[in-house]
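The same chain A turns up in both complexes below, where it pairs with chain B and then with chain C.
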Partner chain A sequence: MKRLTRHAAFWPLATLVLLVLLNAVFNPAFLTLTWRDGHLYGPLVDILNRAAPLMVVALGMTLVIAVRGLDISVGAVVAIAAVVAALLTGGAFSAGGEVSSEYPLWVALGTALLAAAACGLWNGLLVVKAGMQPIVATLILMVAGRGIAQLLTGGQIITVYYPPFFAIGSGFFLGLPIALWIAAGLWAVLYLVLSRTALGLFIRAIGGNPEAARVAGVRAAPITLCVYTFCGLAAGIAGLIISSNVKSADANNAGQLLELDAILAVTLGGTALGGGRFSLGGSIIGALIIQTLTTTIYSLGFPPEVNLVVKALLVFAVMLLQSAEFRALFTRRASAHAGARE
Partner chain B sequence: MSTAAIVLQARDISRAFPGVQALAGAGLTLRAGEVHALMGQNGAGKSTLIKVLTGVYAPDAGSIELLGQPIAPKSPLHAQQLGISAVHQESHLLPNLSVAENICAGRYPRLPWTRGGGIDWRATHKRAKDLLAGLGLDIDVDQLAGGLPAALQQLAAVARAVAGDARVLILDEPTSSLDAGEVRALFELIRRLRDQGVAILFVTHFLDQVYEICDRITVLRNGRLVGEYACAKLDAHGLVGAMVGRELAGATQPATQTPTGDAAPAVLSASNLSRRGQLKPLDFTIRAGETLGLAGLLGSGRTELARLLFALDARDSGDIEIDGKKAQLAQPADALRLGLGFCPEDRKHSGIVADLSVRENIALALQARMGLRKFLTLAQQRELAEKLVAALGIKTPGIEAPIGQLSGGNQQKAIIARWLATHPRVLILDEPTRGIDVAAKQELMNEIRELASGGTAVLFISSEIEEVVRVSDRILVLRDRAKAGELPRGADEDAVYSLIASA
Partner chain C sequence: MNRRLLPLTVTMLLFVVMAGYGGLRYDGFLSPQVFLNLLIDNAFLCVAAVGMTFVILSGGIDLSVGAVIALSTMLTAALLQAGCNAYVAMALVLASGAAFGAAQGFLIQRFGLAPFIVTLAGMFLARGCSYLISTESMPITDSTYTVIAQARIPLGPDASLTVGALIALAAVLAGMRVAHSTKFGRAVYAIGGDESAARLLGLPVGATRVGVYLLSGISAALAGIVMTFYMLSGYSLHAVGLELDAIAAVVIGGTLLAGGTGYVAGTLFGVLILGIIQTLIAFDGTLSSWWTKIVVGVLLLLFCLLQRLFETRSRKAA
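What follows is the complex of A and B.
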């Protein structure tokens, strides 16, 4: 039991299960899964689907935080990728009621992802070459990025009419949402990269002990650049999922405050903000906790005006549950009691 | 001199930390108008004793008397109020305050309440100015402290320390980052304070400075008081002997000898290697298959030399040649590429990556040299790790165990294995035997000898002279951040001590 509770993923996972059970108590239909039209439906699938963009962003954020950085521009990068993809896909009704896209879909998606990766690279350059503090360096793009997205759209919400584009955010594959497959695929790729490649070894070495990595001859600069670029790319992927899901791109609101949710997800997952030990799986669980929280608030039927307060209280409770120091208050008291009885 | 009034007397001070008896009956007597040196090797208990005197630690046993009255400083502030002030290695002025504000910090003159009761800036300015003038220091008190050169900050810090009418001034390695001219200015200030009757405790690693400024020396060893000596009656040999705990066989050893008949080609040679405040210009060569020992007291520049060689710190001057070709060494990655390896002194902080497995820790340097594109497969890493774990006899539950779970000696071996995997031309071992048990130490020493016989040149650094003598083919002795001399194979410990002491 003790070994179990010591495992890094135990408390995040316990929190998630607790939240799911809480929902199940108030809403017995919460755990039902139905198979319809070859798709799996149910509140749990919904949560997985809706959490996908946050999972993807949190994966990128995990690596950045692991190498002792931070990226608060991911929300803006989501907006940029969404806008670029929507503008290039667009779509117009032809005479026969057929819809065609502005550019081939792969060009639109590829350009959007490239733009997102370029944003990440920019952040990385500011941190590595200009020596800026990560939070300041990415603050620049956080502000400017949304501005760029607004410039691109001329302040309008861009609506997409080309149906193949919708598959990313609302399509299904083998019965499960495609967005979920994307998040799972990215996780699998990252897992392999981290455990099997030189890049992964260096990222983990720098995260674990930057000074030791330097003494061992690992050059941190290219690794840090890679990590920030990947974080931008991940935000871009999330941007595609989000804009595809709502069939439009809103430069003002796409990915709004996503950076904070991502940081929260990483923290909930047991990765220290100071870097070092990190857990990809933990961040995935963290993203699921956040989405489940949101769903819980809706399903418990709170009026909309108290949503934020309830969310804050729940996050507070979750963070307390996850805090080793807070739990120690009770175990110490418990063991003191046990000692007194002897 | 012995007639001078005793200001502070500490007797039989003991203090233990978990697993370490830092002080076991240490003592010290400071007299008014004298400069007193506190000497001892690393771990002798100097810092702990200072911290007891300044109230950082409470002693487990023993007594402290100030002017005949027993005292028990509870905090550095309390000690200061009693009249015991300390200035540490790096001055602790607040860089964004002016010199005057720094000097009066914590005891600002106040305006009368009729005028608001605020800080009287005019009086602050004047008080600081008068104090500095009284000490013969020409420092603009309105300048920001952060804008002053390090040496002037140090002087201002001393001034601040005595501003509250200190009876005892403790200077903890105040000269370690100062150059010769700056040291002179500091000494002038010290003498002035001494003549005003302040009892001064001076801690340093530089023997020549001890003899330049001190009247008496107290030597500690392993937390115990070895003795108090008048400087005039204890020469450098005697002092080093007292510090390391053995009699020295006079200064009859030849000071410098160049090994003869050694035909092996030089793998690495450095000329004019220096870094300001850390190492004075120095030349040396390492030959293939040779173990070059680096001996010297703490602070003599051993680790600094190794760090410059491995490009962990930037050198101010000097060329490094590897195999006769001038080497471009700007960062550790360059050193790695050129065939250097470095096992750092601080294993936890700059050696191991505790969360990574033994396998990954061993593969790290080799992979770093191979770059990002070509990578060692899992199977290759396993083979490499298994081979080295067996070869070095690393005791681990398995190669996948996090290295942080291993004992110190086995961690050290794994770091050596990391470098062996890169087949280095030159391997630098900085205190490889520190903090590991005797058996592991012996094994490591054997490994080092074996390495050298395989053609790898080894630069062996240790504060235990006896170890250096045992494994080295040649010994480079450092003193006060400069080369004191070189000794050939067969030189004994006394010869090393003689060189260290030949100030």
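What follows is the complex of A and C.
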């Protein structure tokens, strides 16, 4: 039992199960899954689908935080990728019943992802080469990135009319949402790369003790650059899912506050904010907790405004539980108690 | 020349160059009221940025200021609608801002939590609380408030300031005095420079750190009050992203993000530069508002690179 509770993913998973059970008690239909129009249908599938962009961003954020970094520009990168994809697929210019895309779909998606990866690389260069603090380096792109996205769209919301583009965010494959397959696929690739090669070890070493990692011969600079680039790419993928789901790209609002949700998901999943200890699966569960929480608040009939307050209290609780000083408060009391009994 | 003054000098020169450029290109740019408007339109940002300067000087960061401003405008509007006296309402709002900031400071200090994540959660909480008061915009019709909002303090012909702008100037002066000639101010610089050295010197590190966030909370609440003078309404979506503008103003004002070096006066120039960018874009008329974001981003980049250069130089000199 003790070994079970000590496992990194135990508490996040327990929270998630508790949330799902809470929903099931208040709304018996919550756990029902039906097969309709050739795919699974039900509140659980809905949560998985809606949580997909957050899962993808949280995966990138996990690695950045693991190397003692932070990326607060992911919301802006989501907007850039969404806008590039929507513009190249041909939204604004092919209106009026026209359904062919401006450029082939793979060109549009590829360019959007390249742009997003370039954003990540830029962040990485500022952190690694210019030696800036990560929060400052990514603050620059967070401010300017949304401006660039608005510049590309001319301040308009770009609507996409090309149906194949919609599959990413609202299509199904083998009965499950394609967005979920994308998130799961990304997780699987990362998991294999990080556990089958030494890369995962290197990332833990850089985050745990940069100086020791350097002495041990870990080349921190290229690895950190790759991690930031990957985080940008992940934000780009999320941008494609989001814009495909709403069939448009809004430079001003796409991915708004997503950086905060992503950091929250990573923290909930048990990744240490100080770096060194990370859990990809935990971050996925963290993203699911956030989305389930949102759904719970709606389905229990609370006004949506409560959502932010609940999220805030949740962050405070998780932070305190992670703090050594806070835990010391209780272990000291417990040991004092034990001492008194003797 | 004192090299600590270098970033501040660059900022002031930049302001003069931008004003000169505006004067050459656009008619009527160099009128006194255009410059007074920089202060009037950015008064709330200026007040919040003064508090942010102390936080950054101490080596921390406060992401909750925008949300605390919004909560303060909502609290003001709700208290006034409930029939509360205007001055009592202001005092209550300031007190709650102080309490909010102090609570964040306590969590950061007592439990060794990262300022970034604590104030991030604080931002969620403050924004959420203002949504709980109301999701709609609440107008302020109290007579004391409308009188203050419409008051103009004449400064020669065709030039005047608002009460909000005066409060902003007073906040900068008070901030300079606290930073440079009080024990608290010296302790803030010492903690930002080297925390363990400050501890060894016997400075009250814990109390100072809580004090810094308390000060930032009060500043944000005061900025909220200034905003209610400016907007005459409370709204939970007021000041979204203002914390980023405040951080940008502090950085452009020459304060090192690593803490320990900087001037409150620089922050005033940082705010004025953000203001003059918007004014230039407004005067041009053909440029769109998103250019503001891009230019602010580029300036942030330049100043951060300048800071890095400055840091490596002084390290080599030492």
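We take it that the second predicted complex is superposed on the first by the 290 of 342 C-alpha atoms of A that agree within 3 Å, B and C clash if a C-alpha of one lies under 4 Å from a C-alpha of the other, contacts with A are read in each partner's own complex, and residues count from 1 in each chain.
Methods note: contacts are C-beta pairs under 8 Å (C-beta built on N, C-alpha and C of every residue); 3 or more make two chains touch, one makes a residue touch a chain.
These numbers come from a predicted model, not from an experiment.
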Point to revise | Which of chain B and chain C A:N209 touches, first, second, both or neither | key: first
Practice item. Could you look at A:R50 and tell me whether it touches chain B, chain C, both or neither (first, second, both, neither)? Key: neither
Review point. Quick one: chain B or chain C, who's touching more of chain A?
Key: C
**Study point:** Touching partner for A:F316 - first (chain B), second (chain C), both, neither
**Key:** second
Check your understanding: Is A:P222 in contact with chain B, with chain C, with both, or with neither (first, second, both, neither)?
Key -> first
Point to revise | Touching residues on chain A, where the partner in the complex is chain B | key: 196-199, 201-202, 204-205, 208-209, 211-219, 222, 276-277
Revision key, fill the gap. Per the touch rule above, chain B residues touching chain A in the complex are 310, 312, 331-333, 335-337, 342, 344, 349-356, 360, 363-365, 367-378, 418
Review point. Considering the complex alone, what residue numbers of chain A touch chain C?
Key: 70, 126, 130-133, 135-137, 139-148, 150-151, 154-155, 251, 260, 263, 267, 273-274, 303, 305-313, 315-316, 319-320, 323-326
Point to revise | chain C to chain A touching residues, read off their complex | key: 61, 107, 110-114, 116-118, 120-125, 127-129, 131-132, 135, 244, 247-248, 251, 257-258, 288-294, 296-298, 300-301, 304-305, 308
